[in-house]
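The structure is given below, and queries will be raised subsequently.
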């Protein structure tokens, strides 16, 4: 398929880039042309097995006329500028969540992407997990009737380094945004959020006004109610769940057991659980890139796009504000820096 | 065992009385002597198969020297007066939750029971479900380490009659109190509760400022965080779940499948779910009465007693206040009629 | 209900008698009048908490005009004579499986019971487990279409004492008869059985030509095929399963988890399994006696009766023969002592 | 990675070739150079999206010096000749099961492969399913202690065309060989097999002495006992299961639910089941080819190789003989055409 081969560049060579690179190596018709990271060794380590060039300057990627699309996995504060530059260079963009660090930046990204006429998909991979895809089909087909409730749970096995936590925008923006995006994906927009947090895992977070554990209530525009539970440490592996309630039923999304294997011994019955996001969502990471490139080839719009992701960001920022202030926050009118 | 045979009277002949009567018929060494209900036909219908007398005046029960204990399942507003009279008559008491309609009443009940030196157990049957018993054992044995989180879910298949809902004290007091008691049972006292509600099932509730659906966040004294989800209608049966999180693990309490049977056909795999509380908690209803009578016989204190149940009531009233006002409520200092 | 109170006597005071006594203590309208066992201490231990008399001679029971029914749980070789005497004394009979030790004895029991006009129910309690009851309902309602297959599994956690094993009639007669009865209950008569066995648990069995482990194939009259797996030792608890296959679906009967509780910790997810037959089939033991007494009261035929149980015995004896000879055995024409 | 890029040719362009082609398209470092099938249109349909040549003569593949390895998915009777020619041409071979149609042919294949010094892996993909891999690890680590039992189940949703069934070697050779290979993989060699069959799905099979349903017992060299259940039609999807029993526990391999999604509605709880082997074993098909090519690159022996697969074939042929004759068959001495 030489005529449809797409050339991509990775910008960022960290953990998420590695996850995406593992997928890219298996995608027919996609070739990684370059990996860009200021840490040259990291760029090279990722580039070599892919037969790609390792570069340290993003300009090298943007100026390369053979690059069709870029995958941006750099730290959140750099997202807005990089997406904008990519769009201006006419490159299609796949960018990790959140689309930008602030609402204002996100809106500028939306505008830049629209101006350039490029595609910009944001990395909410859960939407591409086979179970979420089927759940969405059922919801859209009306199998649940009117939607009435939602539950989202995300618990990571272990907290990231303190430095990362300090720059990540907070628990709601870094972790909770996945569940909040899922809530929007299935049920619709959230009108009001109330969150409370605690520090139970990493005591040093207290100095920074940050939290490693949080719960929240959600009130949706359509009247549905929801809850959210977040944590940065479990003994028992990766714990991501979602429930969607409707007048006619309930859908329950959970990878409880990792393998199709149960073990029985003197302790009773047991099963192995997923230990991290790569294990839980490998199919989803694959699905989101497969879909991204399929849309590029077919000239169809990507989803979730920057505008959609901006709404998830606004919701996450509102939730983060509630977490920090102890007050319910109205989402639609929430602007950072302005009291809710 | 004539010497240890206990004679009990049922006060109230409604649905809960029927549930208890089904248990009492199977308890060796316990004899139902009378069923008391102002609706004579109801009293008689329950009394006859038990070989008991049907009476319409509670005084008949309290004045009967052969009655050792009474089981009170009358409407909540009558609890305090009946428990007090029973205690003053020297009868042991088993009373349905909530122990009283108001905090003040509940405290008077606690005092009356203490004065009389009788036992007073309150009907939080979930504590006696075999799974809850085992979970409690694990928690108390330190298997979860420090406790960090809780989730409670109670969804009834169908709402009770409007008249009942109007007099039940609200969703938190009538239904949520079970989950809040469970939260206390496993994790400890709740410091602050925030609840939001909606009307999605029974539109007429709006006129009365009541809700049929609610979610809440809980902040415990020990720093743990929790969520609560309540609803009065599901398409899929009775849905009661609890989760307890600790630094070393998580316990998940749920009767997902009613029978030890899975069915596979053209639609895939399926299983039958419990349809109501009797089905889900039959063993628990049996367990709480077995334990109540065993404690009476052994002269040991019953649990949960009126003082314990008063704390669950205070928490439920605080949650109900939050639901109605939209503000977080501090539980320990919450008094009805006083702004939180 | 004085008029419908039934008086029963237990003949045999061993483990099964204890299981039944625990049930009898909870059955309204049933009174245990006597417990009979040549070991007087055993009889007394069981009788006392039931308020019953302890006797050592069965004649005392048969001659007592107040005894309506007897529950026989003595060793298998005594079944035929005791059931016959009970029937001749006009007592209704509930007898543990197998109904007799040999086919000839079983047929004489059937005749004696018919002559006396009493009820005789045999203790295949699995038929009364709530899951089996529902499965039977589905099968009879045609939900599976034509029946095409069966699987039965019975694995005990630990072997009984060697002395018991030597007198029990062999693995197929003592343990496998439950699965073979289940096979007949759901799918119909078995035409041919082939079994192979091994000694993996209790090496001393080899001296007696006995087995502690066996598998078998079943060919049913209607063309369906089945398998059977038996064992006398597991590390992981009590393992009884059944599967029924039809052209339109499959039913799977298994108590995988004992409690409605899952535990998650550093080892993954786990659950508690049932450890013995009392735990797995408590509801079934209760159900079979409830039904037995309800039939007696209503004057309706009991089931499985002696004739039905004789067919299960014939099948078990045929399977035992196959196990011992290594040849397939045709069931319908199988007579003990005659080559298949 | 140009230096390690492996060039492969597909011989056969049917359903299994399509399954493998889907995997090959995602394997980095592997290039499909040609697809060979006498049906030119089929070859072309498969070749084109892979950017490969379509040829109709296998000689074209064997004579091509750039072809490193061939994947043979042609009908079973052609396996032996094609593998032999490939080996003689110095090509590594991946061939679908069974390795050959007869035991004699299989032994000649083993010799030819050994002479040529090429690798020859046979397509028992289940060994590469992640759950089977983990189960094998546990068994090899001694977690089950001594192995005592096995159960294999394979039920296809719908029978293949009659023409295929007639030429497939029979139910044990075409379908059962997977379970029998699994039995050998986990527990070891089988000493004796006894099988019974029936025709319940495709009545025309009776004319040809073939069966669509079978059950069998297995006696292993180490004393373990096993069962096998096979069928060619289910209403409820693809049903492949395996159980391994040991003195210290049991492993249960089953994909009961296809998606990590449960649905609850008025019918109760339900889940989606896998519908076919591609869905159930996609990871396994990927795993076996990944491993095959990794072994080629590393110069390590492949597994299961032709000699290993020959033992599975011998066992399957012995089981087929038992199915057809109604007698138990001793496996080690079984030779086709010679009475067991």
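To keep things simple, chains are lettered A, B, C and D as they appear, and every chain counts its residues starting from 1.
In this section, a contact is a pair of C-beta atoms (placed from the backbone, for glycine too) under 8 Å apart; a residue touches a chain by one contact, two chains touch by 3 or more.
Since the structure is predicted, the reported quantities are computational estimates derived from the model, not experimental observations.
Chains that touch both chain C and chain D: A, B. The interface with the greater count of contacting C-beta pairs, when A-C is set against A-B, is A-B. The distance from the centre of chain A to the centre of chain B, each centre being the mean of the chain's C-alpha atoms, comes to 42 Å.
Each chain gets a centre from the mean of its Cα atoms; for chain A and chain C, those two points are 57 Å apart. Annotation for chain A: residues 234-236, 239, 248-250, 256, 264-266, 272 touch two or more other chains.
Contact residues of chain D toward chain C in the complex are 145-146, 148-149, 151, 192, 194-198, 200, 213-219, 223-227, 229, 231, 233-236, 239, 245-250, 326, 328. On chain D, the positions that touch chain B within their shared complex are 234-237, 239, 256-257, 264-273.
Chain B meets chain C in the complex at residues 1-2, 25-28, 49, 51, 129-131, 134-135, 138, 143, 248-256, 259-266, 272.
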